[in-house]
Each structure stands twice: as structure tokens, then as C-alpha cells.
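Each of the next two complexes has subunit A plus one other chain: subunit B in the first, subunit C in the second.
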Partner chain A sequence: MSSAYQYYLATLLVYFGSNTIACWALNLQYGISGVLNFSFILFQAVGAYVTAIFTLGPSTSSSYQSYIAGARLPFPIPWLLAMVAGGLLSYLLALFVLRPERRDFQAMVMLVVSIIAADVVVTQKGLFNGHNGLAAIPKPFASKVGSELIRYGWFYVALTGATVVLTYIVVHRITSSPWARQLRAMRDNSEALESLGVNVRTESTKVFVVGGALAALSGAVLVQFISAWSPGAWDTAETFLFFVAIIVGGAGNNAGAVLGAALVLGVFQEGLRYLPSFGYTGLAESIQFMGLGLLILAFLWWKPGGLIPERRRTFGGAPGGTPPPSLTNGRTRFTVAGSLTRSLKRN
Partner chain B sequence: MHEIVLAIGFGIVTSAILALGAVGFSLQFGVSNIFNLAYGDIMTVSAFVAYVTNADAGANIWVSMAAGAAAGSLLSVAINRFIYTPFIRRGTALFTMVMVSLAVGTVVENAVQAIAGDGFRGYRLGAVKSINLAGMSFTSRQLIIVGIAVVSMVGLHVLLRGTRVGKAMRATATHPELARSCGVPTDRVTAIAWGISGALCGLAGVALALNLAAFDFTFGQSFLLIIVAAAVFGSVGQPYGAMAGAVVIGMASEIAAVYVPSLKEVVAFALLVIVLLIRPNGLWPGAFVQKMNVAAR
Partner chain C sequence: MNADTPTAGPEYEPATADALNVIDLHLAFGGNKAVDGASFAIPRGQLTGLIGPNGAGKSTVLKLIAGSMQPTAGTILMNGNNISGSPAYVVARLGVIRTFQLSSEFAKLTVLENLMVAVRTMRGNTFVGAMRGRRYWRAAQDETRDRAYVLLDQFQLAYAANQYAGELSGGQKRLVEIMRGLMAQPEVLLLDEPLAGVNPTLRLVIEEHLVRLRDGGLTMVMVEHELPTVDRCCNSVVVMARGKVLASGTMATLRQNREVIDAYLVG
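Coming up: the complex of A and B.
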């Protein structure tokens, strides 16, 4: 394989890893909990910016870029700080964006937040160097691995892979936990859950924070590979792309999120690069986005569960014995909310 | 002091355009319970239809504005009839409908770009007269826009409060099943409501394009956010709340522009945050907000 193709492949894999983490994060929020995070890309951006300023070193007046709180910290710390920042920002936003009772209402507020945040970053140049963004962000272990492009590329693929595996362990533990059962019940029928004494807003806030931290991690992974980050990288349309990925892959399960990340963000977007260019500038792009819009409509109409639909969770019989007949009502299959009622009654 | 009086003048114009947009948006939500994110893109279509009739066919700008309003009205009715209603009938959750409307908006926006192409354009207009009123400066066109907004608002008020159709609309918004069982043809009433709100959307689109002097295929979508802010401010689904929201947000952002020009939209947004902290469902949460995510499934 020629070296150019090797580097291209490594780049694709790093993007795929970062997108996978992001899709898991959004899946936790949208697919599992029904929290429509329309400001999702903002958290990825925060992760990227925080990683950048904590690897670039202090901002000096002679430098061509200005930013706040610069420092030069060793490898894992900037990523961890990015996650903390993502979680913290999520918490602060959750204080008001999750206040409206309706979820579509919340989504609107998040959309407003996302646009305004981009506005603030562009106009306040001291924050993250405004419209031009940050560049020349150092790469981790560059001195040890060497600056040879291909070699470093594959090293970074390995680093990304390790991060993805670690993230998967965390995400898998969350989605198979009793808490996730609560979150699914919240998505399917939040009133029923509330009537069982669960505070829906507290649970939404928790999942918002966890998802925000993971989204920030995906940004951190990406930014140290591509070495630059500017407001152009986190347009609101990007949030839309992540939603398309989740819906096409299959909302509510982690495998679907990976498939969506590969198909929509990889094949669909990357594949268009190989189409012959035609028409005026922007025509191909507008047709691409029209295709994405139609794709999402088609999936929501014909295949609302996505390519890998969420496993239908049934709870036939409580652990350690058959449930009392009064609760089964002649059926052996239970919905999430039903099983929750039972488990709460048992405790 | 002089700057503030001038800013109030700009604020009146902005509020008027915002009111047209926010009231239409709110009305759609009230009647159908859908957050229509394609709204901004329908504004764009209206502005381009007006452009075609004005710059290409040579019609007077106000005739073009009527054409834009008609286009917005038709497109809104069609989108509701052929896309949203089937999805709702199928039992799509309301929060998934947000994704549906976003997808529709993306298709519409990029269809406009594919047909009309990139780049900014402006209407073909005659010379403009500047009018000074109590220290504020308006162009004659801006005054006509304000007039159109006021007439539309009064007209909508008369329609909602004084006519049978308006009563049927309010009934449909409050409790569709009950309205249907009382003999209200809710489908037709919903279509009329979408027609009216689409016309308001079209008027807002052309008025905004006229006021901005230059526009491209994304301008409606970018203005949608401030429309949503105004509508959420006054509790979505409440046309009167939307009017109040439009005035507050329009005025605040223009007056803020005097002091911190770069942050005029941030100020509008900060107001929204404060309102949400005090009243989570907006200023006047009515019957609409009580209809929760599951209720309409």
C-alpha cells in the first residue's frame, strides 16, 4: 500500500474512532433516554478547545493566536480536563435547558444555545482565537514516536482504538445497568416513571452530563490528530449528522451507533469525495445534504428502528421465580415500565 | 440618548418582523403540537419566490411580498398534509417529529440552494424615502412593514376571538379529540391554521429579506433561532405570548446593539434563559404545554 493511502486510511480510522465515541454519547442521550441534545456538537467542541489550550502552552502576546488559560500538560491530563469541562458545561446548561417539561421544547432551547455559543466564540477573540480558531496543536508522544507521518498515524490509530475500547467498557456498563432501564422508561413514558417516584429532571441531568463528558472526549481524540480546531468544525449541521447516524444505525443500542458512525459519517460522506465534481460550487454539497434529509425521512418512515433495531426488552418473570399472576395479567411479557413497577414494589 | 432613541426605532422594525414570524410559528405549534423546524426554510423559499417575481418578472415589491406569502402558505399546508400528518397518524413520538421537521427543513434549504445557487441577492427597489419620527429614523418601506405586522396581528386577533373558524382553531388546539366529537372538522381547521401561519411565515421572510437588503439560502434558518427564542419566551403555542416575546426580544437585542454590537443575539438569549429559570414553560404556559410527550400518541 502506498504511503499516501496508508495515511488516508489511518485518518479515516481516527475519525471513525472519534465518531464512534460521539455516537455512543449521543445514543445515551437520544437513543436511550430520549433527551434531544440539539447542542451536541457544542460539547465535542468544548472537548477539542480545552484539549487544545492545555497542550499549546501559555498564550503569549507575540503569538498569532490568543486564548484563555493556556498550559502545557502531559498526555492524558488534557483529555481528562476536556471531559471534566464537557461534563461541567453540560451541568450548567442542564440547569436551564432541561427545565421545560416537553422534550421538543428542551431541544429548541438547546439549538438556541448551540448557535449562540458559536456566536460568542467567534466574537470573543480572547476565548479561543475567534473565527480563525486554534492551530498547531501538539500531538501526544510526538517526541517518542517520531514525527514520521505514517508511523505516527498508526500510533495514533492504536491510541484511539484503546480509548474507544475503554469508552465501550464504560458505555456498556451504563447501558446494561438498572439505571439504563430507568432511562429507557423515561424515554418511553416519563409520566409513568415520575409517578413511581423517580425525578425525571435529575435523571435527565445525569445522562446529559455523562453524554457531554463523552462527547468532549471524542473532540479531544479528534483535535490532537488534526491539530486544528475552529468554529467551522462545529457547525450546527454536524449535530444533525450525528442524529442521522444514530437513526440510521439504530437508536437505543451501541452496535447500531457504531454502524451508523461507519455508514453515515464514513461511507456516505467520504464516498462522495470520489464522485466526479459537477455543476457550480456548492451544488454537490447541497445534493448531499438533501440526500441526508431524505435518508432520515425514509428511515423514520420505513425503518424507525434503524438497521440494527433496539432489542425488545421483555422481562418474562422476575429473577428467582415467576411473577404473581395478578401482575402478569395473563401475559408473560412485560414492558420496561411494568418491570420497573414490579422491582420497585419488591424493594 | 440619541442612540437609544434610534435603537428603539430599529427595535420596532425588528419586533414587527419577529412578531410575524413568531406568531406563525406559535400558531402551528398550538394547532398541531409540532415544532416545525422547517419554518425558517419556508421563509427562505418565500423570499426567493418574491425575488423571482420582483427582480426577474419585474413586479412591484409589495405584489412580490403577497406572492411570497402565498408560496409560504401553500408550502406549509403541503408539508403538514403530506409529511407531518402521516407521520403523526403512524404514531411517531412528538420528540421524533422534531427530527422529521429538521430533515424536511434540510431538504427544502438545500433544494433552494441547488436551484438558485450560492451567493447573496437583493430585491430590485426604487429610491427610498427616509422619514424621521420623534428622533427615530425609518425608511418608508420599514414603516409599511410595521404596518403590515400590526394589521396582521389585529387581523389574527379578530379571527381567533371573533369568528367561528377562530373558535374552531382554539378548540382544536386545546383538545383535538373533544373538538372532533363536537363536530369541528379538525383536519380542515388544521389546514386553515397552517395556511394562515404559512402566510405569516412568508410575510416575515420577505419583510426580513427586504430589511436586510441582501439574503442567501441560509438566511431564514439563521433567523429561525431568534423566532424560536421569541416564541419560547412567550410560551410556544400562545400567539399572544409570541407577540409579547417578539417585542421584548426585538427591542432588547436592538438596544443592546448600541452598547455591545457583537452580542446583540446573546442578549436576546440571556433574556430567554432568565425567563426559563423563573418560568420553565415560558411566560404564559396555557393548555398546550400540559399536553405532554405521550398524550398525543
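Coming up: the complex of A and C.
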């Protein structure tokens, strides 16, 4: 395999790893808990920016880019700070946005926050260098691994892979736990869950913070590989790419999120690069977004559960919980159990 | 003291025989008085019916007791604690669990999960608990599952344990909701038209369960339109009309009450 293809493959794998973490984060928020986070990309961007400023070193008047709170911290501290920042921003947003009983309000406010944040970053150049964004972001362990592109690329694939595994452990522990059952109940009917004594606002805040921290981690992973980050990378529309991935792959299922990340953010996005150029500049991108729109509509219409639907959680046989006799032998009996069963089936 | 824990006002002296006391409860939407000074008591260990014509304010009173809506004025006492104005989850933690007028199952959870989720304090039901892993919460989950199966057996729904609740019939969903409420081990169970839309055969089955629970000493309040059901199940009845309490007592005594007859029992 040529060096160019090797690097291309390594790049695809790093993107896949970062997208997988992001999809798991959104799956926790939306697929499991029903939180429509239309500002999702903002949290990935926060992770990327925080990682950048804590690896670039202090911003000086002579440097070609300006940003806040610069420092040069060793790996993995910038990634951890990115997660803290993502979680903190999630918490602050949750304080005034999360209303599980008003999901329409919640979704609209998050969308608006995402748009405002992008405008603030672009217009306030002192924050993150405006439109140009941040560049020349140092790569972790570059001095030890060496700057040879292919060698470092594969090293970063391994680093991303390890991060994905660690993230999966966290995500799997959550999604297989009784807490996830509570979160899924919140998604299905938050008012009913509240009436059972669960403070749904607190629980949705918790899962929102966890998702925000993981989204920030995905941004951290990506930014140190590509070494640059600008507002163009986190346009509001990018959020919907992740939603398409979750819905196509299967909302509420970790494997579905991985498949969605591979198919939508990998195959679909990359595949379009191989189409011959046609029409005016930007037409292909527009068609790409239209294609994503059609994809999400098609899945919501014909396969709302996605390619790998949410798994039904079963708990083995019932102790003494066998079906009533009239169900097991298929005959109608005039017994109490039989009459109950028939009435249940009719009703 | 925890901010979520309601405190009793010093001026209230609740009767120990009553599980709940509703005192001069009001709720107004602009000029429209949905509840207009309703006062009544819910005796402990009994099934109390809440009846009245449409728009009388029965379901609204139930929502006010459960904390799903906040009253504009008035007091709701539970065991001497003023719970009026407390949010729904606080009221539920104090032991008041409600069911809903419209089916409110967790559709994409199985029947068994619908019951298990009601055990709020189970290990593993928090982020930290989840992160501690299966070993930490498995035993508690198994215990909760077994409890749920016992209830499913009693209600003869064990065969549907692993079915999605959203796939059940309307009557089965009602049963799941009642069982879910019971899993939370309530002190008071509020039932908002638990028989609405249920076929006559299953109505009788649900009635039998309610009577069994009543005889077992569970305090319940039931909003219901069907008077024969109220007759069969309820120890006492509160009659409401236009947001006010018209009368209360047994169905036999209420049938002699001219005001009640004019407002509800006839026409």
C-alpha cells in the first residue's frame, strides 16, 4: 500500500474513532434519554478548542493567532480539561434549557445557542482567533514517536483506538445499568417517571453532562490529529450529521451508533468525494446535505428503529410466571385464568 | 433539613385516621376556577371514590395532590406534612403515587422493566452506581425482578413480562400502571379513571384487584365515572361539582342527598 493510501486509511480510522465517541455521546443523550441536543456540535468544538489552547502554549502579542488562557500541558491533561469544559458547559446549558416536559422548547433553545456560539467565536477574535480558527496545534508524543507522517498516523490510530475502548467501557456500564432503564423511561414518558419519585430534571442534567464531556473528548481526539480547528468545522448543520448517523444506525443501541458513524460519517461522506465534479462550486455539498435529509426521512418512515434497533432487555424466565393454561395449550377453557386471558387479548 | 422535604405548618393538626387532608384547595386559570375551595379527607386503609360530572375538577384535584400541578391556594396534608406545592417527585417520595387518565406506560420498556423502574432507590439507579458495574447492582436487580414477577403472577400477566408495554392492549396497560404504582410501595395510590376504555370483562378483573388491595389495607383514591364500580369498590365517596365538594359519605347516604342527585346522580 502506498504511503498516501496508508495515511488516508489512518486518517479515516481516526475520524471513525472520533465519530464513534461522538455518536455514543449523542446516543446517550438522544437515543437513550430523549434529550434533543441540537447544539451537539458545540460540545465537540469546545473540546477541540480547549485541547488546542492547552497545548499551543500562551498566546503572545507577536504570535499570528490569538486565544484565551493558553498553556502547554502534557498529554492527557488537555483531553481531560476538554472533557471538564464540555461537562461544565453542558451543566450551565442544562440549568436553563433542560425541560424534559418541554422537548420542543429544549430543542429550539439548543439550536439557537449553537448558532449564537458560532457567531460569538467568529466575531470575538480574541477568544479563538475568529474565522481563521487555531492552527499548528501540537500532536501528543510527536517528539517520541517521530514526525514521520505514516508512522505517527498509525500511532495516533492506536491512541484513538485505546480512547475508544475506554469510552466504550464507560458507555457500556451506563447503558447496561438500571440507571439507563430509568433514562429510557424518561425518554418514553418523563411525567410518569417523575410521578414515581424520580427528579427527571436532575437525571437529564446528569446524562447531558456525561454526553457533553464525551462529545468534547471526541473533539479533543480529532483536533490533535488534524492540528487545526476553525468555526467552519462546527457549523450548526454538522449536528444533524450525527443525528442522521444515530437514526440510521439505530438510536438507543451502542452498536447502532458505531454502524451509523461508519456508514453515514464514513462511507456516505467519503463516498461522495469520489463522484466526478459537476455543476457550480458547492453544488456537490448541497446535494450531499439533501441526500442526508432524504436518508433521515427514509429511515424515520420505513425503519424508525434504524439498522440495529434498540435491544429488548429480557430477564430470563419468570419464577412461577408461566402463561395461563389457556395460552399454553391453545384451547379455550372456561376457567378464571382463561376468561382473564381472553379478556386481556380482546381488550 | 433537605430543601425537598416539606415541613408541616405548626397550625395544622391532622387526624391520624386520615392519610390525606385536602383543605380549601383552589386552582384558577385566569378567571376560570378549576378547583374552588375543595376540602375533604382520605381515610387511611380505604378506597375513596372521587365522582362528579365532567369538568367537576376531580382529575385536577388528583394532579394537585400528586404535585403534577401547583394550587393557587390551599393545603394538602399527608401525615401532618404540608405537601401542597411540592413537586411531583417529592410527593412521590413521600409515598403518594398516581396513575394517569390516559395510559402512561413506558412504551419501549418491557412490562417487567416498567415495574422494575418504579423501584427508584435500587442500587445502580444513579450514574455513580452504574459506573461501579454489574457486580454492584446485580443482586439488587435480581431481587427487584423477583418482586416484579410476584406482582405479575398476582395480576396474571407474567406471560407478557418480556413484551414491550407499548404493544399491550389498553386494559393491560392499565394493569401495568397499577402494578407499577404498587412496585413503588405507595402509602397512597391515586387512580385517575383506571377503568376508562377497558372492556367489561377486564373491568371486573381490575375491580377485583382493587378490592383485594383495599382489603389489604392500601389507601387509594379513585376518580371514576361508573357508579356501579364505585358502589362495588369504594368505602366512601367524595362528590365534586364545579370545583367544589358537594358532599361526601357512602354511596347509600349520597343517594339520599338531593343536591348530589340533582348535580350528578340523575341526568
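The rule is short, and it goes like this: the second predicted complex is superposed on the first by the 310 of 347 C-alpha atoms of A that agree within 3 Å, B and C clash if a C-alpha of one lies under 4 Å from a C-alpha of the other, contacts with A are read in each partner's own complex, and residues count from 1 in each chain.
In this text, a contact is a pair of C-beta atoms (placed from the backbone, for glycine too) under 8 Å apart; a residue touches a chain by one contact, two chains touch by 3 or more.
This is a predicted model, so every value here is computed, not measured.
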Give one of first, second, both or neither to describe whether A:Arg184 is in contact with subunit B, with subunit C, with both, or with none. second
Report for A:Lys206: first if it touches subunit B alone, second if subunit C alone, otherwise both or neither. second
Thinking of the overlay built on chain A, is A:Leu193 touched by subunit B (first), by subunit C (second), by both, or by neither? second
After the superposition on A, what does A:Phe105 contact: first (subunit B), second (subunit C), both or neither? first
Under the stated touch criterion, which partner chain does A:Phe242 make contact with: subunit B (first), subunit C (second), both, or neither? neither
Per the contact definition in the header, classify A:Leu294: touching subunit B only (first), subunit C only (second), both, or neither. first
Based on the superposed arrangement, let me know which partner A:Arg313 touches: subunit B (first), subunit C (second), both, or neither? second
Indicate the residue numbers of subunit A shared between its subunit B interface and its subunit C interface, in ascending order. 189, 191
Can you name the residues of subunit C that touch subunit A in the complex? 66, 68, 87-89, 92-93, 97-98, 100, 104-110, 112-114, 116-118, 120, 122-127, 129-131, 133-134, 137, 140-141, 145-146, 149, 152-153, 156-159, 161-162, 164, 169-172, 180, 184, 198-199, 201-202, 205
Subunit A residues touching subunit C in their complex are 170, 173-174, 176-182, 184-185, 187-189, 191-200, 206-207, 210, 252, 310, 312-315, 318-324, 327, 337, 339-347
In their shared complex, subunit A is touched by residues of subunit B numbered 35, 83, 86-87, 90, 92-100, 102-107, 109-111, 113-114, 117-118, 222, 225, 228-229, 232, 236, 262-263, 265-266, 269, 272-273, 276-277, 280-282, 289, 292-294
Per the contact definition, I'd like the list of subunit A residues that touch subunit B in the complex. 34, 36, 95-97, 99-105, 107-109, 111-113, 115-116, 119-120, 123-124, 189-191, 240, 243, 247, 280-283, 286-287, 289-290, 292-294, 296-297, 300-301, 304
